[in-house]
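What follows is a pair of complexes built around chain A, which joins chain B in one and chain C in the other.
Showing the complex of A and B:
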């Protein structure tokens, strides 16, 4: 940590001896007091409270002290009886897998393109980055229109080629694919920039040495670029998965989970359960199940990608 | 620059540009189409066979839009609340980050681990309790309800600490010997040294707050307090049959931010590369 850091377990108090140092210590407490208080009130307290609520039945109107205890009842209900939740979980997984896969492949692909001798780097990056800073809600509205079954420009184009009109967001068979497309459209620019920074961090010497040894382009990619890019890959896959599993705005403003819950996602179902039907206990249990899944997947991904990185 | 030593170089280079142009077309087209549609009549949007351009651009759509929703008010609300959130996060994160990076005090490691742990908590887990707290405080449908839960960020504290740790202790000690107070060390010495990190964190927080939808949706009810995403959301039902006006509304809310981005793009993109790799 800092320069003055003797070997010491994290739980043993480290009280400075001189009065001057103690005065500084008080300043440090003053600096952290408000931020820590805010984190306690708006993050740590709430997560504990949320866990407590998930074991009860609660409509948020009746007093907290009178919540009827349900034990693990909410969890049991969600995992065994709530068909919408099961559907939402499945959809959310598919959405995340499709989105993360496409973002990683396209992000790396375009980063490789931009990293080669290409004119107008800055212009390309700006164009690809535009959707990243645009409100997801605005994009959802734009794409609802673009993919509209009747008046959407994509269908105008398809029909002008003499092909049949596609339902896109309005058919269970196509809605998830369409949503994945929109999500990838929105975020791929971010991952291009991240991959590009990673590529530019690989020393040119490695490639020069490989060329001396007569390595081809593919071998350079396979044995230099890919292994050295693994930390970046890990970052991309983990952050993208965590984000995709929490999708809300996009689905809320395009389909609202329709048709027939074929695009229902966990956070949207949780939102409906809590704020439309006032079932706070069940919604909190949903939040915890998803949180658990996110933690599990993150740990798995870190293990998997990190171990592979060491093997190479 | 374009010439290549490879025999197929010319062809490969051409292919690269074709892919890049194709990709860029996909990225830009939705914005262009939004603008074109916003200048059509309601009838032109529904014509079959479709038309690709309005017969005469209907600039009136924008006038009509301004009459039906308080655009200026939406902008003010978004700017005001996002501005306060950025200021709050920068101040609280840099103060706490400074303490964690440059001071010794009992509980420092424990508290820092606590902050690392809270960084992993997704927003949806705390949504219901934070909403409850805000309601108990009587802050529903107020600016403070929208803003106050967002004034601190565990990620921000972490990021600031990582950058402040690189500030040499010698500079700080020298300032102390010269009689500088702890506060002026923070304000005059450490903050100026980590300006790039502050700019990056500020940009992230601003975009997040500006585009945030779910929290304002829960907390705000009245039209006077609505932020831009809420405004677009209300247009969805208001203009369910007037897609041209809906697109005009979306364009008005999206384009100014895009221009700011294009103007400042270097800082945006550098910052993202910087923190992405650090995190």
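Showing the complex of A and C:
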């Protein structure tokens, strides 16, 4: 009968018996302690402080010790009275749905094309990836001109086809779609690269076996490519959703939320509330609500996609 | 190792002497940081001339100039204070004054400064840099009333040799000036608005509101009054102009008037430098300035004026030196010569200075057809009503005016909605002040 060691709690270190190993372990803890300290000071600290501020009214100018207590007042105001927040939340969801959908479909589509035997494969990859490394503000300014109602290239093209001129960024009904287009243009290259890496990780043997069994291209895609790409899909959807729900720079530089808050997003409203209206407590509450939403959506996405990925 | 001892001791001694000397120098020298939003190359050079002159006259005082874009100025002041790296001297928009005062950001001027301002500035302008209790918080700088700036050539080509004086004329001329080509592109616009910029939207609206006999807030600044029948008429004017094609929010009055494709825009005097440098319009022969057209409920032209002020941060360790520097910039050192800031405002910006001695000294420079009209308007324009939360109210109003321009809501609904929110903000600010 062999002796069974008592179960060790997860937080107690497994101290090695050899002095050499013990010394190594000490060094490991020494090295890891700095990043942990930095994490505590620069990440956890501000998060906790922000949570505390969200329960107060603070203009960022008065001393922190004199912040008036508001309890859940900021949260209640945002969820029941702040029309701009409701509008911004709706816009942000639409932006995320449109952006994630388009990036996933186009990213996978272009990756499949690039993975096939087309000419100039490397050139295409570079071309698709170039917007990713372009400064978002520069892209925003460039697209403001491209989509200008009167002098923009897009409208020149549209009218040359005999179609009516479109206001794009200056119309409430079109501004969000235009912003989604710009965001997809900027980031689809990144997702193409991710999908491409996933595609190149699928063994050729599977396709060869499928061809022996008489499978067509669509069946190969449906029963081999798509199931094996699901972990990649999970990464793409989750990271893209998190990024899209936090969109700021693109909207700030192109429309600033105009016209009439039609392109207002949660983070832009948060920025205005904090720095323009000096309501840091309300802005912090907004940050926590957004955090909760992102957390919930991410958990849902991971559960849905991960479970299916493993089932398949 | 003995051979190293002497050189090391010498090095230590030299370092110690250097540190002590540095500490001695630092003790004598004062460094003041001045934060402004005047950041173009010409404006920076002109400000540096003033700073250099002061430093030459006051050895031991160093002035560091920091400039940020207007859109970032308030954020810079707030974050600087929070981070404990605030500037000593601020130049800021007077609408933010109540917020800054309530938060204890500003230091009170000395009695000498208050007396100097009182003796040399018109009461209306002094009120614009004072809180409701009558406390003055700084030296007022530029006074900016709004007027109708128009392109004489475009109006003449449309058959009009004089600018509009009533709203009916405004609508008629705006429609006549607008030109749309076969593809639907607006090649020329009657009246330009400035969507996306709160002052660019709310100040022209307020100028038209006052010219229609309306008011922005009540006299005691406790409730909004821009939702009055006069206010609704004003916003209806915008809706009518959009419907007739006289204006279009997709065209920026600010950007396109200087290119010569916009007939009229409601703007402030500081635009002179931009218009002078513009290639699409000749400043001397084509730029005209007229009073704000009178609305159906108004009986005389009126307008709105805002101002800026120099003030000192309450955390500054050198408040006395900071006030001395501000006073030096604004004071007239030789009779009839005007102040350094007056010279800068008039000649570098085209703005109207607050101090009487500057208005007298630079009368010639302000006598051109552009600035002289604004000088005349500064006598009757209503000062912008400053109140805690004023910036938030202004942004809310901007958004609702844009909603009307975009056809998303009616003038009545828009103004009722923003007035209710404005009243709630004013009430909240009052309660906070009482706490």
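Everything below uses one rule, namely that the second predicted complex is superposed on the first by the 282 of 312 C-alpha atoms of A that agree within 3 Å, B and C clash if a C-alpha of one lies under 4 Å from a C-alpha of the other, contacts with A are read in each partner's own complex, and residues count from 1 in each chain.
Criterion: contacts are C-beta pairs under 8 Å (C-beta built on N, C-alpha and C of every residue); 3 or more make two chains touch, one makes a residue touch a chain.
This is a predicted model, so every value here is computed, not measured.
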* chain B versus chain C, judged by how many residues of chain A each one touches -> B
* To do: Would you sort A:60 into first (chain B), second (chain C), both or neither based on which partner it touches?
  => both
* **Contacts of A:139 with chain B and chain C, given as first, second, both or neither** => first
* Applying the touch criterion given at the start, work out whether A:247 contacts chain B, chain C, both or neither, answering first, second, both or neither. => neither
* To do: Please work out whether A:275 is in contact with chain B alone, chain C alone, both, or neither, and reply first, second, both or neither.
  => both
* Who does A:283 touch here: chain B (first), chain C (second), both, or neither? -> first
* To do: Could you look at A:179 and tell me whether it touches chain B, chain C, both or neither (first, second, both, neither)?
  => neither
* For A:151, decide between first (touching chain B), second (touching chain C), both and neither. => both
* Would you please give the residues of chain A that touch chain B in one complex and also touch chain C in the other complex? => 60, 150-151, 159, 275
* For chain A, which residues are in contact with chain B within the complex? -> 1-4, 10-11, 13-16, 21, 24-25, 27-29, 31-32, 34-36, 38-39, 41-47, 49-50, 53, 60, 110, 113-114, 116-119, 122, 124-131, 133-139, 141-143, 145-146, 150-151, 153, 156, 159-160, 185, 189-190, 193-194, 196-198, 201, 232, 235, 239, 242, 246, 248-249, 252-253, 267, 270-271, 274-275, 280, 283-284, 287-288, 290-291, 294-295, 298
* State the interface residues of chain B toward chain A in the complex, per the touch definition above. => 1-2, 4, 13, 16-17, 19-20, 23-24, 26-28, 30-31, 33-34, 37, 45-46, 49-50, 52, 92-93, 95-96, 98-111, 113-115, 118, 120-130, 132-133, 135, 149, 151-152, 154, 157, 165, 169, 182-183, 186, 207, 210-211, 213-214, 218, 228-229, 232-233, 235-236, 243, 246-247, 250, 253-254, 257-258, 261-262, 265-266, 268-269, 272-274, 276-277, 279
* Asked: How about chain C: which of its residues touch chain A in the complex?
  -> 74-75, 78-79, 81-82, 99-100, 102-105, 183-187, 195-196, 249-251, 389, 391-392, 395, 399-400, 402-403, 405-406, 408, 432, 435
* Structure fact -> Listed in rising order, chain A residues that touch chain C in their complex are 57, 59-62, 68, 84, 148-151, 155, 159, 164-165, 167, 170-172, 255-256, 258-262, 272, 275-279
